[in-house]
Amino acid sequence: MTWNQFLLVALALPLVVALLNYLVRLPQIRKGSIIVMALALIASAVWLHTRVGDNAVVLSFPWADLTILILDLAILAYITYVGIERRHPYIIALAVLQLAGLLYIELGLRPDVSEVPSLVIDRLSVVMYLVVAVIGSIICVYALQYMEEHDDRAHPEERKGRFFLWFVLFLGIMNGLIFANNLFWLYFFWEATTLCSFQLIGHDDTRESRDNALLALFLNSIGGLAMIAAIFLLVNTFGGAAASLSAVVNSGLAVLSTSFLIALAFLVIGGFTKAAQLPFQNWLLGAMVAPTPVSALLHSSTMVKAGVYLILRLAPAYSGLPLSTAIAIFGGFTFLAASLLAVADDNAKRVLAYSTVANLGLIVACCGINTSLAVNAAVLLIVFHAVCKALLFMGVGVIEHNVGSRNIENMEGLAARMPAMMLVVSIGVFGMFLPPFGVLFAKWAAMEASIREPLLVALLVAGSTLTALFWTKWLGRMLSTYPREEEEVQPVSMPGYYVTSLGTLALGLVLLSLGLPAVVNGLVLPSTMTWYPPAIQGMSGLNLAAFSWANYYNPEIILGNAVVPEGLFPLGLLFIGLLLMLVIPMAFFEPEKERVGDIYLSGENLDEGPLPLYFAGAMESPSKVSLGGYYFRGVLNDRTVLSLNIVAAALMVMMIGVVAS
Amino acid sequence: MNLVHLAQAKSPWVLHYDASSCNGCDIETVACLTPLYDIERFGAVPIGSPKHADMLLVTGNVNHKSKRVLRNIYDQMTEPKVVVAIGICATSSGVFHQSYNVLGGADQAVPVDVYISGCPPRPEAIIDAIIMGAEKLKKKWKEEEHPVKRSNQGSDTERSTADVG
Amino acid sequence: MSWALVGIGVLGAPLLGGLLFGIDRKITARLQGRKGPPIVQPFYDVIKLLAKDSTYTNRRQVFYLYSHLLWMLVALVILLTRQDFLVFVFALTFSEVSLALAGFATKSPYSHVGSNRELLQILASEPVLVFMAFALYLATGSFLTGGVFLIDEPLLFSYPLLFLAVLLVLTILMRKSPFDISSSAHAHQEIVRGISTEFSGKYLALLEIAHWVELIIILIIVFLFWVKPWWAGVLLALGAYFLELLIDNTYARLKLGTMVRTTWAWGFGLSLVNILYFTL
């Protein structure tokens, strides 16, 4: 396979499949073409992984520059049209400003970008591509079944055609975004993801979904404008050769030039909007009205990662500057604020969205800390968070179709009714905070790296505690069943598409965590090796303590006469713990020798029906046992959201202030 | 085996249920916890959940309403378990005998192992009954090891010989 | 430390913890002017519970109860092998989370109340422990617990405020008044039996044993504040233990909100001030 062939698979194949599904609306063709595409993408990801070494692959397509520009203008024109049609003055203003900016850069400044490579593929792109191609493909398979159940109105085939057009198209665009190096190309792919997201959020065509799609368009346009501003500053000051991501990252100009620094800050703010950091989080929450595959693919595992991917990629450029500290504090604040808001929400998809925002905040904070350990933690978080969240969203989607609600309270007792989904969601949730799993390892690394910024420490400590609270609360609701409920209810059966996609992802999560040393050594460390010396050392063999990290350039590490690593993650020990956790109950628990006890209701239990649901209430009347979770609405309400947003906005203003001074 | 017997005799966790007492017996039962009588020196502690309890202390008559509750609590306790009827009401319903709303003593609802008479019995008598009950716990556990047909009442029950007030 | 010693530690910790609980009950009784149970009373209780029949309400309840004890032991092993303190905090937190999930697994109002409260206890106590991990790093240059054995000055001297914060959350971890919110040792101030209402027989025994291990873990945490010479740390730990007993006996239980507010205002605040002071 040559590079051109690879790009055909990565970029053109999704485009072709998308158009095919839009034009030919046959279920067989849809299923066939999407499954073939999924397999091809996964194969291409593996191929890419083996092909890209430590040196980046540089690909230039100057002939396509004009096409990209025209497409850019087309997208902006379309956004302006949407703004006019929906009477949204801000969207019109933002789109027109972007149009004017782009035209001015192209016609007024006439930058010479012929020397700028269009695409650069390095190890970091490979990690992102693996995430997008593999998880994206799995979600596509899941979507095949999900949309079957979702669209039951008139013209279902037509609507499905439209859905898969944008859905599959998005995959190709995302791949382009990952590889883009020319800032004009990056900007094009960036706007195209905004467009896809807009179309998919509005897919259900209800009032709510249309409004939320518009909100997403509006907030993401702010990010687009920030990018145009950044490109303008760069091109204006340094000429066309500066419109290159790799040049920006490696130039080291940030200490010398203020306009470069401001451009950098604008690019980072662009990343903030896409990553739905506070105060931009509302579009992501609103996006939860979209069908679940959209939430799983765009709004948790891939598209929002584009924002943090950009910030991460730029990290070497602002390393060591006050801007870096400001980004760290900002990310840390988002982590805390989003975790806090997740505690108060009872809508499962919104809780997941808040948790996504929080984790993206953690990644941003890692980029801001900007040490080797922190940046590696950020890459790890991108990978593992994508897997966990995709799994969780897909699980919640299935639950929603069966329960008919997204409310966590309505999921009570799901453990008995849908044991398979309980298992899936448990794996996903435990993946987020049970010791041996990848996210916790990344969080461990992130927290230990945060020691450089004492203020950040406080934010992360508070945020991570809240994380455990809302996950456990949710799991607790799902676990809560009556005695003997399992024997009384029929478990719901799962269609094959769900079993395949959810099973693959759940298994993948466990295997990835088991193979953490391989992931770290094979994917994560190489991806940042160009800029950062490897900080994490994976110990070889079956060692109980699999990871240690040390800032070996710091002589203080040697205390007395003993050499102690700065941190140590005992992966082996924790896995033994996990294994015993599964084995011991099985070995010691003999259900046939024990009795299933009733629940204690002060002795007032009544025998009515098969399940012990009732107790004798006032005047001996049968009253049903009903329980609910804690949501702290008294403390956490709209006022909290508002004040958190204000603080976040203030932080961002301060960040720009730091840069400008 | 001996260790288990020792432990069972030394750690009777008691659950107190008031089936419809005049509170006289309840006050005396609670008095057992006070520093003067200190029932905890025998390992007995009052416990809130029937699932933890070894011993059910019943005070007062069993009536139509409390019968179901008493039965439910008794069922939720796990083996081995004993029931102690405290006071003449719980033993035979005393002066309320044959009253229209009273069913009788605790044994109308659950099998009683130890009876203490008195109206109310003194704390010493209650402590004596609890220790007697703890001894019965051991026996019951043995029975479970070698299951024999168990008679819940009659010769198997014991009466406290302590001074009744 | 060799693995044989760790094995001895894992087996010995529950025994020592149980004994300390016995002493606790004896001292509490004496403070109240009672004779009190024999010192080995906790062992009588657990042996009796193990011999008792058990009921369960569903498999998940059993699963999470075992998980509670297991992760408590994992946390202990991490401490004993002087490994990363932050990982230790994660393991301990997961152990507590497992307990909460075991309570949630039954649709019982009382265990649910207990579990919800348990979650808030985690919320209240975890931050201070994480801060302690950072304090360890700042003092020794390593997150490894082993680091404190390599520095000459006791941790207590540089982190007196953090020590106060740790004392504050010890009340929560040891389930002592005024913060024994999720499950009290004393029946008189509990809604039925809190989180353990639905556990019986050997499952309750598991919970008791986990408490014993937890107690040892807590004492080790205090010990870390003064490891050289070792007896000073032991005295410090025992002193803290006795102090908690005194507080337990002189305070009634406070409200849930008070607990979270106090620990977040004082525990969080004191730790942060101390760490900022140390870094500046």
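List of remarks:
Chains here go by letter, A, B and C, matching the order in which they are written, and residues are numbered from 1 within each.
Just so it is clear, contacts are C-beta pairs under 8 Å (C-beta built on N, C-alpha and C of every residue); 3 or more make two chains touch, one makes a residue touch a chain.
Predicted model only: the values in this text are computed from it and were never measured.
The greater number of contacting C-beta pairs, out of the two interfaces A-B and B-C, is seen for B-C. Greatest centre-to-centre distance from chain A is found for B, with centres as Cα means. Distance between chain centres (mean CA atoms), chain B to chain C: 35 Å. Note: centroid distance chain A to chain B, computed from Cα atoms, is 60 Å. Multi-chain contact residues of chain B (touching two or more other chains): 49, 51, 76, 78. Multi-chain contact residues, meaning those touching two or more other chains, occur in chain C at positions 53-55, 110, 192, 197-198, 200. Among the residues of chain A, those touching two or more other chains are numbered 595, 597, 600, 602. Residues 412-413, 415-416, 433-435, 440, 444, 447-448, 451, 454, 457-458, 461-462, 464-466, 468-469, 472-473, 475-477, 479-483, 485-486, 545, 554, 556-557, 559-560, 562, 564-570, 573-574, 577, 580-581, 584-585, 588-589, 591, 594-597, 599-602, 625, 627, 629-630 of chain A are the ones touching chain C in the complex.
For chain B in complex with chain A, the touching residues are 17, 49-51, 65, 68-70, 72-73, 75-76, 78. Within the complex formed with chain C, the chain B residues making contact are 3-4, 6-8, 10-11, 13, 35, 38, 40-43, 45-49, 51-52, 54, 76, 78-80, 141. Listing the residues of chain C that touch chain A in their complex gives 53-60, 62-63, 66-67, 70-71, 74, 77-78, 81, 83-84, 86-87, 90-91, 93-94, 97, 100-101, 103-110, 112, 115-116, 119-120, 122-123, 126-127, 130-131, 134, 137-138, 140-144, 146-147, 150-151, 192, 197-198, 200, 268, 272, 275-276, 279. Residue ranges on chain A touching chain B, taken from their complex, read 595, 597-598, 600, 602-605, 616, 620.
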